[in-house]
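Here's a structure for you.
Labels for the chains are A, B and C, by order of writing; each one numbers its residues from 1.
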Amino acid sequence: MQLLAHRGLYRSKKTPFSAFGVIIGILLILYVLGIMILFLWSFSTALKTTDNFDRDPLGWTKSWAWTNFADVFTKMKVQVTGNDGKRHMLYLDQMFLYSLLYAGGSALIQTLTTATMAYMTSTYRNWFSRILHNIVIVTLILPIVGNTASMLQVMNDLHLYDHLYGAYIMKIGFNNIYYLIFYAAFSKIPKDYRESARIDGANLLQLYTRISFPMVSSLFWTVFLLLFIGYWNDYQTPLLFLPDKPTAALGLYYFLQSTDPVFANPPMKVAAGICVFIPIFIVFLIFRNRIMQDLNEGGIKG
Amino acid sequence: MKQKESLKTLPYATIALLTIATLGGCYRDDPTTDLSTPVDDGTKSVLRVKYLNGGLRDEWITNVCNDFCELYKDYSFEEGKVGVTIIPEFIKSNAQVSSIKNNPNDVFWAEDTDYFTCVSTGQVYDISNWLNEKVAVGPSKAEEKTILDKFTDSSKRYFAVKDDGGKDHYYAIPAYENSCFLNYNIDLFDQKCFYFAKDKTADGMSEDQLNSNDVDDLFVTSPNDERSTGPDGIAGTFDDGLPATYADFHALITFMKRSSVTPFIWKGNFPDDLASFGLTAWGGSSGADTLEACLSLGGNLSDLIEWNNGSIVYQDDGTPKHLNATAITPDNGYLLHQSQGLLDSLKLAKIMISNDGKDKNYYKNSMSQSFDHLTAQRYFLNGYAQGIVEQPIGILVDGTWWNSEANGYYQSETDRLSRHMGIMPVPHPTRTQVGQPNVIVSDRQSMIFVRSTIAEKTIPVAKAFVQYLNSDVAMNTFSRYTDMLRLMNYEVTDETLKSMSPYGRAVYAFSKNENTKHINWVPMSDIAKKNASLLSYRTWGYSFSSSSGDNNPYTYFATHMNVSAEDHFDAINQYFHTNWSYLLTK
Amino acid sequence: MSPALSIQRPSFRTKRKKKAMSTLFYTCMVLIPLAQFFIFYGVVNFNSILLAFKSYDNSTGVVVESWIGWGNFERVFQIFRSEQTLWIATKNSLLYFAFNLCVVIPLSMLFAYYIYRGYPAAGFFKVMLFLPAVICSMVLVIFFKEFVETAIPELMERWFHDDGWYAILSSENKGPVALMTFYVWFLFSGSILLYLNAMGNIPKSLIEAAQIDGAGEFRTFWRVVIPTIWPTLVSLIVLALADLVANQASLFSIYGIFAPTWSQTLGYYQFFLVAKYGADSPVNYPLASAFGLLFTAIVAPLTLLLRYLLTRFGPRED
């Protein structure tokens, strides 16, 4: 029996490739074809001039307008008020930097907070930890709708509106699904490790930073990557709360809504989309094994 | 092992990236900055001006700024400094209302800006005194009029905010006049003879006849043939030969299609221009009084249709029965939507959107979400000549700014000045209304204002600039470059007219025609100001909301071909009758 | 007593000190996240509740805030009574949920099973299925919108001589199909990993036992895999229901504030109320809050009920 367990897959050599598998395979092929056709068409469109596109929106590019991508970097801009109070133009490469700051900072803070809270509630199992644990479960399954207006007011009142640190503070939260994953992971760590370390003189903080945390560091960075990707692609939060700190995704949103003549044609819009997509795609390709590894969530049972 | 290594490098890579991001987050110099952009050299007074550089482009304001600086080059606004430097922010972005106070710019030209929010949140400076002084056009020269003298009556009513003592204060000045019209290609019309011949009309023709070759006989056979009198009913005016009634309009559309011309084109991504045109059509039928009643929730109207139990009440001859002259109050404001003009506007929308079962009346992409206004303008101007569209296009539905916006699509300045585009007056519902006034509805809430936190030392120069901006000279500069008019009372000189394009002259002629009424689509009474959000042009919640939920009759008819104008009129009235007590904030 | 047995028990003082240190450490570690939760969940939602009972008037040059009791809620019910918009939005939201439940979730499980069983090209499919999660929704919208509005009409006209495919996203007939396709096509990625992870926990002996007993692939999937991953499935179904009211279905990205009435969802309608005037004017905030509160009150107990029913009456591993 050949086990493909090392890839998280399992198939017995003796099991034939069944009709069931064939049907799902066909559906998968159709699904993938749909994505690939869309991407190929988009890539071709991004390389067309306006004239080429007007005359032939369907066919493959004839004009090979690589300058469209250069134009995205030189012409796609957003004006913002800087921390110095002056007006500045931000271009796509600078928006990428804001994306890095927003996504990286938010992901790091949220992952750290979530992991820490999960550690505290799984290690110190008192009545307060049970309350915290239940808060997470309840807030996950209870939908709260329509609080955007209220959030805007609170952010303004706390003078956190339109500041990166304000966005980071918004992310110091633990009521997300990754809390449950961290909780399960910390729960699986045998107590012996901490007890040995305690005997060796480690203090409470060191028990976390030197013993438990390193054991889940792989999970930590996986969650970080997942959150990073999510925040990189988020445009609604920056739209509402960080109008002067435009990320690449928000810049793209502005240009989709913009009536700027430079971008008032599909090739340029699609080229801008590809420019925003490429960096995160590269990150995904490099870290895809980590990103798609087993997170061992196991469902909400508690 | 590999995983361990990547584990080790990952945090370092992340920290490195974040460090680069932090360092690189410093702003780089705007590459568009060059030596010609003014800088504060410390010898001159500085004024920062933010201008929404959209369809109007920035040529005109750059010229005005340069002229202003030249006028005051030897004048001292503050001690130790002589002359003025204007630092421009001319980009296509609007000032966020909530941050005007903190904006480094001093003077703003903006649109789609909520005036009352600006005032109530203390964002804008009280410029009442500036408006009541004679307009300065230099250190020692002034016009006879004040800025307030140039305000239209509706602007005075809208922009005036009373204090506790009942005194009026002004915080902004209206910017440009606009309306969404049927902009037609005169050259194409001449070429294809799309003019009604003298004494010819489609009135009385049946629906089938209007969709058939029976309409061919109504039109001239050469551009020099004598034409009908047009919507104003007067021979020898600019609208001769143009459709005077809805029936004529229908016939024209059919004739255009039979002549292998696509009648209409408009942008598909944001359909607000169509709704704006619908409002113009409403006013064209009912008259300016009805629209002003909408804006003030007051007035006496005599064109209200009797509407009962969810439908129109008809007379024996099949025409809607009308109510006697009715006084409109805030409590019965829903009656405004029983206006005959609204029904007529919906009928016009049906004519434009419907087809004869074969060909659409509008360009195939005009309802497409990815079809923007610039592409529509480009196709209208050059699409057929460049082989992009299969047929020439006759009429563009867009605001009067379109010609300035499409400036880049003309081959050259000569091309722009030699091509003939014009404004087609909205036809009248019936022959009896021929000769009634045209209506221009300015609905983009464009205005000029000053931030409330302007520095003390900058106030004199800001005042001088705002006054100059509203001088006749500067307003003529505006018209010369944009082919549009300011929403103020001023004279456009012959010199300015000569340098405008044919379309610009058409805009001027249309606006200044004594048969044209102007409406500033802003609330006109205190109760209407309380309900200002209803009037926003972006969503058209007030004019065309219906129980079907759709705010735009054009897009609604395009997806509901079987719904008649009367049915949709009923749905609109159903909505307002049912919801009025909730819609109105007292 | 032998030294080995002479274990020195910590004194009461030491124990108390240790407990105090432990409590202090615990407090310090949870304080900031808890404070954040209090402000950004508690205060925000409490403020949202208060907002639902207020109204704003700025027509006199000063912002006047007033309490209007149930006025905003009455307005919500009034809109339901007199306008089709909210009924259409409710119908659409339910449709999206139904699609999620009946198409996306089953297909996600089947796709995950295919990958789990290591069938040909499983690795490639895994990457492709996860790819949309990596891509910004704005990018997907740009690609999709331009493709649907330009390429498809051109294709239909050129190959099938049918020119009725223009303006698909504005068409009440074709638009819903296009929007639903977009929604479904790019929704798999979020859940594939979770199903795969859950399937990875299935004891291999179970699968082998089933195969030895003659169970085919479908039977193995139905009788072994689903019951084993049931808790994960429950989580995702409950989350789908919780998202019922908030789901904008990317309408704001596609249409901005001009989404046609027939396309709107409850989530879009609420976001539109706030986004219509942006952060500049609080005019519609109270109505948006009232909406949110009302729908939370309806959907929240439903999610709890659904979770209870699925957990109580769902298949068991044994």
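Throughout what follows, contacts are C-beta pairs under 8 Å (C-beta built on N, C-alpha and C of every residue); 3 or more make two chains touch, one makes a residue touch a chain.
In this text the structure is predicted, and so the values were computed from the model without any measurement.
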Open item on the list: Tell me the fewest steps from subunit A to subunit B, where a step is a jump to a chain it touches.
Closed with: 1
Task: By number of C-beta contact pairs, the top two chains - done: A-C
TODO: Provide the C-alpha centroid distance between subunit B and subunit C, rounded to the nearest whole angstrom.
DONE: 40
Open item on the list: So the centre of each chain is just the mean of its C-alpha atoms; given that, what is the distance between subunit A and subunit C in Å?
Closed with: 15
Open item on the list: Using the touch definition from the top, which residues of subunit B touch two or more other chains?
Closed with: 96, 370
Task: Shared interface positions of subunit C, touching two or more other chains - done: 146, 150, 256, 279, 284
Open item on the list: Where in subunit A do residues touch two or more of the other chains?
Closed with: 243, 266
- [ ] Would you tell me which residues of subunit B are touching subunit C in their complex?
- [x] 96-98, 114, 116-117, 119-121, 161, 169, 268-272, 364-371, 523, 526, 529-533, 536, 538-539, 547-550, 555, 558-560, 574-575, 578-579, 582, 585
Task: Interface residues, subunit B side, partner subunit A - complex - done: 3, 6-7, 10-11, 14, 17-18, 20-22, 24-25, 27-28, 30-32, 54-55, 89, 91-93, 96, 99, 102-105, 370, 372-375, 386-388, 408
Open item on the list: Could you list, by residue number, the parts of subunit C that touch subunit B in their complex?
Closed with: 55, 57-63, 74-75, 78-79, 81-85, 88, 145-146, 149-150, 153, 163, 166-173, 254-258, 260-262, 264, 276-281, 283-284
Task: Residues on subunit C engaged by subunit A in the complex (per definition of touch) - done: 21-22, 25-26, 29-30, 32-34, 36-37, 39-41, 43-45, 47-48, 51, 107, 110-111, 113-120, 122-139, 141-144, 146-147, 150-151, 154-155, 158, 185, 188, 193-194, 196-198, 200-201, 204, 207-208, 211, 216-218, 221, 229-235, 238-239, 242-246, 252-253, 256, 267, 270-271, 274, 279, 282, 284-286, 288-293, 295-296, 299-300, 303-304, 307
- [ ] Please name which positions on subunit A make contact with subunit C in the complex.
- [x] 1, 3-5, 7-12, 14-15, 17-18, 20-21, 24-25, 27-28, 31-32, 34-35, 38-39, 41-42, 45, 53, 57-58, 113, 116-117, 120, 124, 128, 132, 135, 139-154, 156, 158, 161, 169-170, 172-175, 204-205, 208, 229, 232-233, 235-236, 240, 243, 248-249, 252-253, 256-257, 266, 269-270, 272-274, 276-277, 280-281, 284, 288, 291-292, 294-301
